[in-house]
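Both complexes below contain chain A, partnered by chain B and then by chain C.
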Partner chain A sequence: MIVARQIYAIVRKDLLLELRAREQVAGMGVFALLTLVTFNFAFDLTGADRAASGSGALWVAIMFAGLLGMGRAAAIERQQGAWEGVLLSPADRGTIFLGKLASGLLFIGIVDALALVLFTALFALPVLRPMVLLVVGLGTVGFGTLGTLFSVMAATTRAREVLLPVLLFPLALPVVISSVRATTLLLTERQAEVGPWISLLLGFDVLFLGIAYLVFGHAVEE
Partner chain B sequence: MASRITQRPGDLWGRALGWLSAVLVALSVAMIFLYVPSDQVQGVVQRLFYIHLPVAWLAYLSFFIIFLSSVVYLARRQPRWDRLARSAAELGFVFTTIVLLTGSIWGRPIWGTWWTWDARLTTTLILWFIYLAYFMLRAYVSDPERAARYAAVLGIVGFVDVPIIHMSVRWWRTLHPQPIVVRAEGPAMPESMLLTLAVTMVAFMVLYLFLLVEKYRIERMKDELAELRLRHSG
Partner chain C sequence: MMATVRLGARQLGPAASESSAPSVPAIEAIGLTKRYGNRLALAGVSLRVETSECVGIFGANGAGKSTLLRILATLVRPTTGYVRCCGLVLPGQANEIRQLIGVVGHQTYLVDDLTVWENLDFYARLYGLRDAAGRIQEVLDRLGLGDRAGERVRALSRGLQQRLSIARAILHRPLVLLLDEPDTGLDREGRDRLQALIADQVARGGAVLLATHSVEFGSQVVSRALFLDQGRLAWERPVGKELAGELERQLRRQL
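This part shows the complex of A and B:
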């Protein structure tokens, strides 16, 4: 239970900070919206076959916004030695990881919700369905897990904004592929084929949650 | 000082491996160009295969070495495991580049295109990107101890990820039409081809081992030099 309380304390801190400074969610949301609008010009998202490219646009918007948010979150921790304070707390490193992941997922989750609603409104595609929401949830967890681990590492390097996507995108490729595929299948009414993709996402999430939990302590030794 | 460095026990092994790999690589080049017959269907360009396959295996082996030495490094924190990971990473990057290039050169006349988004090609390309990320990560961290830790974390996460990447790309491809990829595995290879492949395989493994030993030696010297500089300036 102490672990749950420690996670809650970290999430509460991040939430409080966000409510006062408003440096993350608003920016991420606007960025996601702009990505969707830009995609509308880059690809034709009005035709009958828009479901296929539409899910790609949705996921690019979510992932780019998530990337931006996680990079920002790690940079905020670096200001005025905030991160040292977190590390000095009695919570062990794995718990700190879970806390940072939870608040990261909370922020990306808000952006997910926003992006899904806007996506439905702008492109008239029925994404607000339980199965699509499940895929969005699983994809966000997988992307967020690797993102939380790497953003903390990238934040201490010289080229942090450049390094985070270079680390994250190749390794998150299975999440990208399976989320986009699963969403496309669901939007084109081919529910029967979606099973393997959801299992792949689930397996990815469980595996990398475990690995990130274990190695996080090595990444944040200061 | 100089004499102490040249008289380390590893050096004799390094030199022996160097000569052995020179002889074996010369032998495999002779076999590839003079001994083995040209493929009836694919022609001369098929001879690239004898280099392509061993190099591909070694590119993946490098990643395995990085993974193992990263795990040991994080557990024990001895710099030599990081040096080994560093050395294997550089070889792995070079070998992955060679795999992509030889594959591309072969693919042009056989498939009619330099590149296709086939599962194995895509996985190798992503592996190349992970190697690239590994070097960038190291380059952008100033503190060597921290660079080693970060690289080890990436080495572990990346190695576990590669099979999943391969699986996801394969599913992605099989659910898509494959217009150009010729997947004719063909009948078993004739004996002369198998023999050439075996010799080349051994030659490249010895060459790999030689390069790894030498690279490790250079990395150790670099570390010693950095330490000496630090001691004299501080």
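This part shows the complex of A and C:
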């Protein structure tokens, strides 16, 4: 029960902070919008190409916007000095990780929703379907899990803006590939082939969640 | 006579000094070293702080005071050495130790864009405090911030932020206070409040470990002084008339 209350405290604090400062979601949303608009004008999207390029554009928008938001969130927390205050509390390191992950996923989830609506309007592809939403959800969890872990690690370094993508993307590659492939298959109406990709995505989510939960304590320790 | 700490007691209260359980030191550190790359920040420091005691750590910048306090606060893992707090051992019982300690550091540990009340409410939730609202009002009144609850931390002066940082540190009634330059930015009234708070902590059976440059402030509140020089414990003395002069001489020599 105390764990749930501590996670809620962290999410509530991050949400309050975002409502006051509006530094994360607005930046992430604008980035996602620009990415989707640019891709929409850059490619001649017809037929099957539209589904393949479209799913790539969608995931570029989601992942880079997520990267931007998570890096910024960790930097703000460090700058304001509250991060060590959280580490000084009796909350278990794993609980702190879950709290930060929950608030990170909340913000990326808002950007996901915005990106999906924009994507539907710009690319005229039916992404607002349960299976596509499931893939977007699983991809966001996998990417957000690694992002939460590495953004906290990178925030202690001077080159955090460079270090975060360098650390994150190689390890997130299985999630990126699975998400893009599953989305493309769904958008080209090849639902029968999507099962293995969703299983892979789910497997990596569970693996990354477990590892990140266990190593978070070491990652935040001096 | 030394008061005692009940093992497993979560918070400091009147009962803490009435227990008949055997006395354990509030802090016990043996052979602490901390190395950052090639630099040795702490070199084999051992210390013991009893309950109902306020111990001062003095030393010039870079002497290792903050590193020592950060190790005891569970923020930094020592390269070698052993730490026990109220009978609990680091790092295995770090979460339990964090429940027993209150820390004032160089940073305020406050969120600038939240209000005074929201900051304390956040920490009250992390510490799982019951009657959080009552306790928050109590510590705010204690630090003279009762009428500032709705103001954002960003809008407060440095001195008021420091008072709030102290309020945050005592919010969960810790048994042990680790104070690193707690008088930074405080005006006369703030210092008086801090001094009263330290005296109360000691009187109620708690312990205080205070790192400061201010010989004037330190010698008013500590009962024993430790002097760190280049990561080593140079000497240790009970407070007496000649202590302030000796500390001033040592600090000048180091500078």
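Simple rule for what comes next: the second predicted complex is superposed on the first by the 218 of 222 C-alpha atoms of A that agree within 3 Å, B and C clash if a C-alpha of one lies under 4 Å from a C-alpha of the other, contacts with A are read in each partner's own complex, and residues count from 1 in each chain.
The rule is simple: a contact is a pair of C-beta atoms (placed from the backbone, for glycine too) under 8 Å apart; a residue touches a chain by one contact, two chains touch by 3 or more.
All figures in this text were calculated on a predicted structure; none of them were measured in a lab.
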Partner chain(s) touched by A:26 [first = chain B, second = chain C, both, neither]: neither
Contacts of A:81 with chain B and chain C, given as first, second, both or neither: second
First, second, both or neither for A:90, with chain B first and chain C second: second
Contacts of A:178 with chain B and chain C, given as first, second, both or neither: first
Which of chain B and chain C A:159 touches, first, second, both or neither: first
Touched partner set for A:193, first chain B, second chain C, both or neither: first
Chain B versus chain C as contact partner of A:17, first or second or both or neither: second
Which of chain B and chain C A:2 touches, first, second, both or neither: second
First (chain B), second (chain C), both or neither touched by A:207: first
Interface residues of chain A shared between complexes with chain B and chain C: 221
Chain B residues touching chain A - in the complex, by the definition given at the top: 74, 126, 129-130, 132-133, 136-137, 140-142, 146, 149-150, 152-154, 156-158, 160-161, 164-165, 167-169, 171-172, 175
Residue numbers on chain C that touch chain A, as the complex places them: 70, 73-77, 95-96, 98-99, 101, 103, 105, 107-114, 118, 122-123, 125-128, 168
Touch list for chain A against partner chain B, complex: 146, 149, 153, 156-159, 162-163, 166-167, 169-171, 173-174, 177-178, 181, 193, 196-197, 200, 203-204, 207-208, 211-212, 215, 218-219, 221
In the complex, chain A residues that touch chain C: 2, 5-6, 8-10, 12-13, 16-17, 20-21, 80-82, 84-92, 221-222
